[in-house]
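Heads up, there are several structures right after this.
Presented sequentially are two complexes of chain A, the first with chain B as partner and the second with chain C.
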Partner chain A sequence: MLGDGSLERLKREGRIVVVGASLAGLRAAETLRAEGFEGSLTMIGDEPHEPYDRPPLSKQVLLGRAAADRTALPRLRSVDATWRLGVPATGLDMAAGRVRLADGDEVPYDRLLIATGVRARAWPREAEAELDGVFVLRTRDDSAALARRLEEGPKRVLVIGAGFTGSEIASACRERGLAVTVAERGAAPLVGALGGVVGAVAAEMQREHGVDLRCGVMVTALEGDASGRVRAAHLSDGSTVETDIVIVSLGAIRNTEWLAGSGLGAGPRGIACDAGCRAFDIRGIVTDDIYAAGDVARSPHPLFGYQFLSLEHWGNAASQARIAAHNMISESTDRIPHMEVPAFWSSQFGVNIKSVGVPSLGTEVLISQGALRDHRFIGVYGYQGRVIGAVAFDQARWLPFYQELIETTAAFPPPFPTVDRRSDGQRPVDADFPDPSVPTHGPTVTLGGYSPADRRMTFTPAH
Partner chain B sequence: MTQSLLHQILDYANRANPYPLYEELRKRPVHHDDGGPYVVSTYYEIRSLLHDPRISSDVRNLASTAGDPLAEPAQEEESTLPPGFLRLDPPEHDRLRRMTNRPFGPPHSPHRVDGMRGELRDIVSGLIDGIGDPGRMDLVEQFSYPFPVTVICRLLGVPREDESRFHTWADTLAASLDPDPDADPTERGKGAHDARMQLGMYLAGLIEERRRNPGDDMLSQLATATGEDGSMTTMELLSTAALLLIAGHETTVNLITNGMLTLLRHPDVLQRLREDPQLAVPVVEELLRFEPPVQLVPQRTTLADIEVRGVTIPKGASLWLVLASGNRDPQRFEDPDRFDPDRRDNQHLGLGSGIHSCFGAPLARLEAQLALSELARRLENPRLLEDPPPYRQNAVLRGPRHLHISCDGIRP
Partner chain C sequence: MVRIAVDLNRCQGYAQCAFLAPEIFTLHGEEALLYAPEADEAQRAKLAQAAAACPVQAILVDAVDVPAEAVSDAR
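Then we have the complex of A and B:
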């Protein structure tokens, strides 16, 4: 493609197909047009809605402050695309360059971007999952249905899983004055992403706000009444929780099943791609016409030992999509790598939580500013003598400094004084992450080498 | 060079246009002359230092104030009141700022600023109505000064009948921040001291009154707050009120005056603003980049040796962050000396960044947007009578002392 005019032809009259019509898909489409792509653009999405924003779904929508159908993503520019909404993609023919759709149609492409994201992990026992009152929260429709039910004033809500989504839901329910029980398999909320030291603070926050938090337990069964409405949950410690709403927050599953058998390197951990977002095939050879971005993508990050990272972070989806789009229509020498330092935020129980880097890679944590007991602090995570991540509870304005420490592989523990280091921060302690071989709801960041064999791997919370 | 760059920046002769000096300064991103402060002038370095927890705003961490030409008035100010949160570090800073924010902004008071929109419009209209002779007006005296003081009065809950007394004290205090080489320093010092005392006593009385009969103004809410942070002592309340008054006053005056001056120098933009008041939003953002009221942040010090661009700034050193220079750094902004309201990605430093980023930013923005769009709409064919106008002495809070303009008439 070097100077033979084929790139110009692609930009003028090529066909680009984007599978996944959410944040990453939309931002990629906008970038393609902004960078001069004039050919045909097809956007395929399994939901019937135009691209919408998810962060409000577990917060403002559940509080009744925003309507779920009013969270459409702002359009940064016109994308002039053919929208195929409400039709999932079901297959990929790499040799012919075609995407198969559920309605039997096939869409040919010259370049393909896969941004199919993740979906909520459903309650594993199908009959129980179908009880009236059992919810997951991932989509706009999930959120609208749950908000409607919360409006009716249930006697008690049970949240299964205290990761970020589960904790945000519990927070919203308490803010509405509803009785809430949270059942968490790990030792504390957020423990997979932030470890036990910081998780203990999250547990305190929940209890102070009146959540009936139960850690180290599993829900073994959901029980319905004669009319098929959920009425109770049975826990592994032998106790029972009477409840009329159950929200299953057990993490997410990457939407890659439709690629099974296509020859693309896609599996339960996502789609492996290079730092420029080009997807690998199952032989480990990079493709040049298939790209991946957002929650479904998994790419090596030089700052973190070139490990393959897949991130369920809003900012990652937006920036990775822009890079994928740029690279799709660029000469190889003009391509740019996706090297963003991971960052995410959450808002729960009145506290703004923000993180940079990959705390879950850390083995030790140092409270470098503030104090754990105030629920206002910065925790710096160390890994093999360097700073690898940081989390801020109500201290987000300092984070750019810690991001710079991560980017420059600064020494851990940080040797300098700060404006507000107190007794908590005298020395680093074990960050207390759970044994990674024991499944919990899982951190929002996963790491690991790729093997096409793990496409057959399945994950089910043990009971 | 016979005179150090730093002295040239402080030299009144360069007040009207300090930007060529800043350009000179940026050639050494960390500038240090013997005994003087460490001056940082480039965008990325300033931004990163504003987020650096090894940088303190608390003057008690300064090794020595020798050689710091701005140290003296700061100490004088602190002799009567404890420092406001602008001059404190966490955790005290966080506690006071958080408590002050409760009645002011989100999450607890998301509508406070926007709820003042109508009132602000009325104040703007009233001041323009009162201008009188359109052939020669001083925008500073007749508009930019009285506007923010009136707004602060309404925000704090100063009764209307006391507003004029409040204005007098505010003017005296503002003047004391702006040394006039011709005035008798002893006389001025005494005047400022008296004004500070009277204002303090007045506010203390008002706070007592509000504790007994709270209204929905900020002072009442601050005086009666009993949240997780406890309540403010009367002294803390007084220094917070003084901070809101001074910081909310000195900056907005200059933002509006610099704004009008810049618009009169760019008649095409003024015309666009007249036709489309919505343009006030990007115009004010670009003004905050192009002519920021706070040119530099002088009261920072280092808690450890810090290396910045190959220079080690020692622990306890005085640090100056020249925001206005960072705003014109060509490494960050394309064509930085061009006033361009259509500029994209305008992440300027005009309101600072980090934990001390401008507390009153939402109010200042709204005040400037309403003021400039309304001036553009109502003044017929306005023009400058003097360019450059006479500037105030102050190099930190930079702006014209007077802005004489004339116009053909004032539209209703």
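Then we have the complex of A and C:
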């Protein structure tokens, strides 16, 4: 695009295709139109629904305060697109610039955005996964079906895996007065994302709210009755939990299978892209017409030593999508890098949990404000002498301050005046993250090494 | 219908929204915000007020009418 007008032509009459019609896809489409793209825009989504918001699915919906089919995302502007919903993309021909659909159609593109996200990891034993009463929670349909079952007043609910989603489900069930058992392979809930020191607080919160929390155990088998309904789960410690509902919350799998053999640098860790969201091919060469954003993307982050990060965070999907869209229709010198500080929130057991940076990269944690025992504190994470992340339990207002420490690569531990005198410790302690070679149910941040073309990965099922 | 999402990364939990439109926004515990992802047309004005009052512009609502284009699998 050397001033030959091809960019202008692209903006006027080009064809942009977005695969994955959810948060990232919609925000990208809105940005394309806002920035003057007048060509044809096609949104391809395998779910039959228009873009909806997922965070309420494990919160408001399970609490019975909202209906799962009433969570469509607000439209920030009109996108004037052709919607192909309910049809998965099944292949990509990079040379011809075409996306193949399951119904046999092919959609040509001048620019392609891949935002196919992740899906819930299913229970690994297929026959058991199909028992009536066994759920995962990722989609609107999952949430609707689960909410309906909770409405019926089950005698007990078993949640397998105490990551954020699993913990939120347990919290909603307790709030509805249901008996809940949580089985977690790690030493505590949230330990993959926040480490053992903070995980111990999450465990306390669960137990105080009456969750039968069992850590350090695996569910070895699910058992159904004669009519095919789940009735019990067997645990590695020899115990049995009788239950009528099992929610499998073992993290997510990136939706990249449809790209197999296409030549794009896509694999189980996601789609490698540069800081400007342009996808790499398997040779490690960046493409100029294919972009990735959201949960499916992994990209090098300048604040974290240019390691490839994939983030399963709402804010990341929204902002990365905007940047991808902008870059798709910009001259190379006008492109912007995606380098926002990662951030996410969760609420469970009445506590507002928010984080900035990447706590799971930290090795040490310092409780800088508040106290662990009050379930109201700030934990600052340090890595090699700098602040790399922070988490707040009911202390969200302070996070912007810590975000700035991360952005400026401030020294860890932070100097004394920023640390609350009454707080626990004031001294950093080992953050107590599990051995990174042992996959947990779902670190919502995944470090993907340095090489964009690296597709090697062995997965050891968590349960 | 008006659709709502709150960017809870931005939200600072000061609850101006809950004061202005309590049917839609409530605090859950000390500072976690719970909101209705969809509200009646009748609440549109109130909602706009709440969104405008949010000091960090965290409240996202439909800026265009739910477009007809939104829900079809037609070409």
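Note that in this section the second predicted complex is superposed on the first by the 445 of 463 C-alpha atoms of A that agree within 3 Å, B and C clash if a C-alpha of one lies under 4 Å from a C-alpha of the other, contacts with A are read in each partner's own complex, and residues count from 1 in each chain.
By our rule, a residue touches a chain if its C-beta (ideal position, glycine included) is under 8 Å from a C-beta of that chain, and two chains touch if they have at least 3 such contacts.
Just so it is clear, the structure is predicted and the values come from calculations on it, not from any experiment.
Counting the residues of chain A touched by each of chain B and chain C gives the higher count for C. In the superposition on chain A, A:53 makes contact with chain C only, not with chain B.
Using the contact criterion defined above for the overlaid structures, shared-chain residue A:87 touches chain C, although it does not reach chain B.
Contacts of A:354 after superposition: chain C is touched, whereas chain B is not reached.
Shared-chain residue A:104: touches no atom of chain B or chain C.
By the touch criterion stated above, A:177 is placed in contact with neither chain B nor chain C.
Once chain A of one complex is fitted onto chain A of the other, the partner contacts of A:370 are limited to chain B, with no touch recorded for chain C. Of the two partner chains, chain B is the only one that A:401 touches; chain C does not reach it. Note: residues 350, 376, 397 of chain A belong to the chain B contact set and to the chain C contact set alike, using the contact criterion stated above. Considering their complex, residues 350, 368-371, 374, 376, 397-401, 404, 416-420 of chain A touch chain B. By the touch criterion given at the top, residues 48, 50, 53, 55-56, 59-60, 63, 65-66, 70-87, 314-315, 318, 343-345, 347, 349-352, 354, 376, 394, 396-397 of chain A touch chain C in their complex. If you check the complex, the residues on chain C that touch chain A are 1-5, 7-9, 11-13, 28-38, 60-64, 66-67, 69-75. On chain B, the positions that touch chain A within their shared complex are 47-48, 51-56, 89-91, 94, 107, 303-304, 353-355, 357.
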